[in-house]
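Going by the order they are written in, the chains are A, B, C and D; count residues from 1 in each one.
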Amino acid sequence: MNMLASYLTLAAVLFCIGLYGVITKRNAIIVLLSVELMLNAVNLNLIAFAKYGVQPSITGQIFSLFTMTVAAAEAAVGVAILVAVYRSRASVNVDEFDELRR
Amino acid sequence: MIEDIPVLSLILLSPLVGLLIVLLLPGQRSNWLRTAAVVFTLIPLALSLWLFASFQPGAGGAAYAEHYTWLSIPLNKEMVNGGSMNLNFDYSLSVDGISLPLLLLTAIVSTMAALASVHIRKRWKLFYVLFLLLETGMYGVFLARDLIEFFIFFELTLIPMFFLIGIWGYYGREKAATRFLVYNGLGSAAMLLAFLILIATAGFTAVQQDTGFQIDFSGSYDVLLKNLADPASYANNASAEMADLGLYLSDSLKWTAFVLLLVAFGVKIPIFPFHTWMLRVHTEAPPSIVMIHSGVLLKMGVYGLIRFGAFLLPAQLESWSTAIAILGVINILYGAVLACVQKEFKLVLAYSSISHMGIVLLGIASLNEAGLEGALYQSVSHGLISALLFLIVGSLYERTNTTQLDELGGLAKSVPFLSGILLTAGLASLGLPGLSGFVGEFLSFLGLFGSMKWITAIGVFGILFAAVYVLRSVLNITYGPLKEPFAGIKDARFIEAVPMVALTALIVLLGVYPSVLTDVMQHGFGGLLEQISQRTGG
Amino acid sequence: MEAVQTLTWSDAWYLSPEITLSLFAVALACLDLFLPKRWNRNFIGWLTVLGLAVAAAFVVWLLIDMKNAGTEDPTAGFHNLLGGSYRIDDFGGLLKLVFLGASGFIVLASLGSVRSKDVPIKGEFYYLMLPAALGAMVMSSSGDLITLYVGLELLSITTYVLVGARKNSGISGEAAFKYLVTGGAASAFILYGMSFLYGITGTTNIFMIGNALGDAVESYRALIYVAFFLMTAGFAMKLALAPFHAWAADVYQGAPTPVTSFLAVVSKGAAFAMLYRIFMNSAYFVQDPAVQKDLYLGLSVLSAAAMIVGTAGALRQRNVKRLLALSGVANAGILIIPLTLHLTPVHTSLFSEFVYYLIAYAFMNIGAFAVLTVVARGSGDETLSGFAGLYHRAPWTAAGMTVLLCSLAGLPVTGGFLGKLFILFGTVQTHIYWLAAILLATTVVSYAVYFSFIRQMYMRSGTLEGGLRIPFPAGLSIWICVAATLALGFLPKPVLGWIDGLFSIQYDFWAQ
Amino acid sequence: MSSLAEYAWLVPVFPAAAFAVLTAMGRGAGRGGAWIGTLASLASLVLSLMLAGQRLSGTAVEYSNHFDWIRAGGFTLSLGYEVTNLTVLMLVVVSLVSFLVNLYSHGYMKDDERISTFFAYVALFSSSMLGLVLSYNLLTMYIFWELVGVCSFLLVGFYFRKPEAKAAAKKAFIVTRIGDIGLLIAILLLFWYMPNHSLDFTEIHNVFGTQTGVISMGITTLIALLIFLGAVGKSGQFPLHVWLPDAMEGPTPISALIHAATMVAAGVFLVTRTFDIFEASQAAMTTVAVIGAFTAIFAATIGLAQNDIKRILAYSTVSQLGYMMLALGVGSETGAMFHLFTHAFFKALLFLGAGSVIHAVHTQDIREMGGLGRKMKITAGTFGIGALALSGIPPFAGFWSKDAVLAAALEANPIYFIVGVIAAFFTALYMARLFFLVFAGSPRGASHAHESPAVMTVPLLVLAVLAVIAGFVQTPFSEWFGEWLFPGAEEEHASVLVIVVSIVAGLLGIYLGWLIYAKGSVRRDVVSSRMPGLVRLLERKYYVDELYDLVFVRPLGGLGKLLNVIDDYVVDGAVRVVGQSASAIGRLNTRLQSGQLQTYALTALIGLVILALAIAGRRFW
């Protein structure tokens, strides 16, 4: 149980770091990475539960595999979009992505 | 044979037929369009006149009624005890002594307003389409006997009114239209909530079947009336278990529903302090639309308050009657004092409407037959009088391009006919005996005086102020030295004169021979008072 | 743990709509790839519509099939595939129909009205609708958190691409990026919440979670709160409930109009499907009434906030797409109400309420966006003033738009009115009056929003002369939407009767 | 024979029909239309006289008939008419004066383009008054009461282009309406307190006259006072007298009609009709007497200082009505009705005579007249008779009736008597002033005055005859009139003291007037030079109008403006605030939409935290 708690804490810390990154980082790439960080926190959580959970089961690990795969696809699309944006804006600064507003 | 003709549906739907025909006519032919519109307002007028003439108060219940199920919606199957549950909304039309006078009023005012629409100068086709749609809505309100149906027609009057104010109004038309819509929308919203509370807690029939209860929720007014009149029976039917589930209209819910209804119809009537929207409508809308608005739409509030407030929740009405009477007096005096200082004739009329509707409230608060008849009579009478007044306003504005009191003057010299009718309408408005306004006011005061002497006595001062503001404004327009720009203006054309004379004649008729209406109304209120005395433990 | 169940050929029959969509998607992608550049890609659009129609036909077939089977044995009214991770039932079936139909109309409306300047690669634009719809279908049909997540991401990633379809437009890319980051964060929140749910119950099967939660509440109350709050936050972001809604206006504005329409209807609907499925199977079974009440209260508060903020925000909005985005926020608030209502013996109709309003919402939104496409195509103006004088240029389109707006405003007699009416009746039946009051109040305020269109169309004179050219497919879909909106208002019986005939909470939500 | 009474309802219907016809014809009716009105009033007169003949023969019983006007559940409101000696007397007076005025107007109004409108109004006016007189219950009376009011309004404002006429018409209607409210509330009270909700005069007589105590003293007093308020308004008693002098803006024949027979008589008639209620309450009686006495002397003093011929007559009317009220207040119905009866003739005579003068000299200011006696002999002679009658000089009609009033007053309270005598003195004085200034001396201003045509002088002659003989129906020696009208009522017998004092007062007044205005042996400014303030006070009518303006009109206007501001800024402001608060949320949202993705995320996060705290916090609340 102690083990689980530390894993969960770590995951929570990761998640928060990711969230912090999403909210504060100006570089779009880092923002994307921060999202990935949040997803990784989830993975950690899932695997911790799969091993040390109330009813340990393999499902958690399977879930985390799916998560990783999908996250990769998402990241790919994200970077592709970022490239397109960079082409028209010549910037990856999130602050400057404010043409759409009000 | 006569019984087989669906007269009520014909009344309701003939404006829609007219609407289709107007749609098919070429848009540039204003005369064709107007003729078509007038013809299709005349048809329901003729039908409702016939209905009125053949109405037999003694026939018991709703003399003419039509009923078709519109929706029967299954609510989900997972019912307790394996029973079933439906939600039924009906197309249910009916007239009785309360709705019939207002139906007739609607028909008359609509026809007159259609005739008066000669002042409309653009986009005739759209105008008459919306006009006829509005007319359908008004008929629907007075005919509907299903709460949701009533609500739908009530809302249906909002949409065309928005257009009619917004497109053909004066300078501030768009704002006035939006304000009208939102303000009345809020009223309707309160009404819908009240209706749904009533339906969900008392508007159902529960039948024990093999598999369990079959519960049919229904918007039917009759079901509600029956259930509310005898709470024991329907609550027992549905068993105590049902009551625990909320299928019972508790006193606090009744109270809530009543307050919601009061607000809903209070906006429409309008009751102080919900009146400011109607000032805008009165000043900004085109006169023929104000005829309808002031003549009929305000009366929908009165009708609703009587129909749903008084009949469904008489005990609540009784406990609120002092408050309503006080509100009525505030309406009367507030409206009257403000009408005394307005500089714009349409605003005078708007505030005078507020004052007059206060008298209606007094009648309703009286909770006796004289007062309720008075309230309804006052509604009909005010409908005719304000329609007439705005008819004249329309004709005057066309000639003078102003309704500012200090810019007008001495018109009796150049337009004696219009001035004479204006004076007559003004006198009717201040409650001169022999004209219709007096009967309604007198009956309302008489009714309320039985229970609330002081409040009535204060309210009676409204007729003094009525004299002040009517004479001040009417005499400012017609008497005094003739203002230079108006020396050459022409008196009413024939097509303008016809509705004026017709309305004046009706006002005189109702003033001289009120039994023509009160006998019909008496039938409508007959059952209510028994109920009130029963239910309030009398 | 039961034995791993594999996919059989008979199962494939149940998956026919999904398989159809995938096949069409792949085939059209290949077609687009190999066809010469100079060919007009419009026919791909038509084929997309066809694919959606075929899939819809299969769904209907399956529904009827299950209905017939269900008359003898109610448990035959649904099918668990792949160990319960995928589930064919009436809940999924009905929602799939909505998604397929909506996608079909959106594609139809865009045919001929999407300018190549805006969307350079039309083929891609059309066939990407298919996997997006597929994702939505998977979401509505899944019985397992994993499947759910995969469906969600399929939908999300495809729509990220679609939002950014106008590759050369700066705002399109910006919108896509914003959508992607928000969507990614939302997914992370949902997943994080799910991970706790899994941790407490030891399963990802939605139906088993419900059983397990019942016992777990005693010892893991805090974790349950955490799990559901994280998920609620994630869903609120996906659904654009206030205060998680701010991205929606930007993304809707930046996306090509048909995609906006898709986001507003299909994406939102799919997220709702997921939310309903999860909450009805998990939160509903939390045995501690206080906890359960809190969980639902969270949703109610979000719903109220969404209605208020969405409506008030729309009041001050001049850009039509942003306005409709905010109206979508308010409508999301309304659509979530049935879920927050208690199930009582007298109120079990939450699903009919939800689906009916969703259908009405779909028609009126698609119609409104289609009109916007047509109007903006003529004037190049996506603000309200683009609608100025529309009545003079195209009276019938203006009339149609008026109907759609009345429906959005919840005025009778339209689908929007009846939809709201049923939801309202539900709130009244369950005595949640404050929510009813907020719903009514915001509805009335929204009159001012929607009637500002009418003011423009009828009461202002526009700068443009001459008629408005409306491509046939767009006109067709507009009028279908108008007709459907009216039909839903006048004759809701067929639809509602049908929903009621098919759907059952017992078997379609809970039975395993 | 009793069948004739069944047709009494036709009396008001004739002129009503004339009104309808004239209105329908519009201005096209012209002078021909005028004869329609005259014929209708002749018909009324003939029928009234026939009714009177039948009643005088003593065989007729009282007849009443009514029908249900409104049925409201348990209540029935009915309208009807009643033929009694009193009503027939009033019918004759009203229709006679009305006929004469009609006749006279042919001459007076012949050049007016709206002559047919004028006759239509007059017809409606007569009809309303006749209806009022015939009423069998208070509701019927109230209806006609109001109609009389509106007709007077129409006629006073007949010269609608004159701003003064407009103001006077408005004032006439509004001021009398104050009284009407009293009457209306009284009707409401009676309706709810009377057994069977009855409003008939017979029932009122039964309930109040027999002192059954069905209705408590307080309520009785209240009802009586409210009815009296109505009468005060209509009969121009203080403090609601202000409209009457202003009503002189109407055509002069109308002044005759209003002041002699119709409108002002209505108030006295009303009190007489409901006299049982008053008699049941001593407080009410005292009020009536005090108001009446005060009005009598109050108006008479104002009459001393006026220069407009019609205004002087108007104040004399107010004063004489005060006598009538005084009579009622001291319990003499006979005295009141008798004075009403005689006053109708001589006041009509005076007004028509004044009209004849105005017709001739085209001014109403007596300071611009003079010496007309030589040029207008008939007018001067008849006017003189009227003046003497008004001054209470025997054997003219006014003497006998005033005597009856004073006798009753003396019996009740000497103070009333003294006030009455002083008022009589003033009356004689201002009438002498008026007569001598107009008819005696040398012409001032208008010189080409000439006698009016026969159509105008004949009515003068008829009225002059009546002003002489009408008093003999009730003298201290023969009380036929009182017994015929109010059988069984006790009357005070005039004492020698009363007769002597009243004659002396009258003669003294005339003598003084002669000294000042004809002979010139007393200087005219004898008072004004010594007490300019007093004269000014009288000229400005004790500043009552100004007082009302200050106390009622301005505050009302101010209140209206205040409410207008409240309506705009408070009531409507609240609505706007609600609207703007929705807008403000919208603005907040707009501010949030900065385009900065990370702001959105932060907002969402804060929202989530707040939500979580709120939900969690709820538990600890």
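To be clear about the criterion, a contact is a pair of C-beta atoms (placed from the backbone, for glycine too) under 8 Å apart; a residue touches a chain by one contact, two chains touch by 3 or more.
Note that this is a predicted model, so its numbers are computed, not measured.
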{"item": "Fewest hops from subunit A to subunit B - one hop per pair of touching chains", "value": "2"}
{"item": "Closest chain to global C-alpha mean, per-chain Cα centroids", "value": "B"}
{"item": "Pair joined by more contacting C-beta pairs (C-D or B-C)", "value": "B-C"}
{"item": "Averaged-CA centre spacing for the pair subunit D and subunit C, given as whole angstrom", "value": "78"}
{"item": "Mean-CA-position distance for subunit D and subunit B (Å)", "value": "39"}
{"item": "Approximate Å spacing (C-alpha centroids) for the pair subunit A, subunit C", "value": "25"}
{"item": "Overlap residues in subunit C, where contacts from two or more other chains coincide", "value": "177-178, 181, 185, 249-250, 322, 445"}
{"item": "Subunit B residues counted as touching two or more neighbouring chains", "value": "182"}
{"item": "Subunit D: positions in contact with at least two other chains", "value": "590, 593, 595, 597, 601"}
{"item": "Touch relationships between chains, expressed as pairs", "value": "A-C, A-D, B-C, B-D, C-D"}
{"item": "Subunit D - residues contacting subunit A, complex", "value": "590, 593-598, 601-602, 605"}
{"item": "Complex contact set, residues of subunit B against subunit D", "value": "182-183, 272-273, 275-277, 334, 337-338, 340-342, 368-370, 373-374, 410, 412-413, 416-417, 427, 432-434, 438-439, 442-443, 445-447, 449-450, 453, 456-457, 460-461, 463-464, 467-468, 471-472, 475, 478-482, 514-515, 518-519, 522, 525-526, 529"}
{"item": "Subunit C to subunit B touching residues, read off their complex", "value": "344-352, 391, 406, 411-413, 417, 421-422, 424-425, 428-431, 433, 436-437, 440-441, 443-445, 447-448, 451-452, 454-455, 458-459, 491-493, 496-497, 500-501, 503-506"}
{"item": "Subunit C-facing residues of subunit A, complex", "value": "11, 15, 18-19, 22, 28, 31-32, 35, 38-39, 41-42, 45-46, 48-49, 53-57, 59-60, 62-63, 66-67, 70, 73-74, 77-78, 81-82, 84-85, 87-89, 97, 99-102"}
{"item": "Interfacial residue positions of subunit D with respect to subunit B in the complex", "value": "26-27, 68-75, 142-144, 146-147, 150, 153, 157, 160-161, 163, 165-166, 169-170, 173-174, 177-178, 180-181, 184-185, 188-189, 191-192, 556-557, 559-561, 563-564, 567, 571-572, 574-575, 579"}
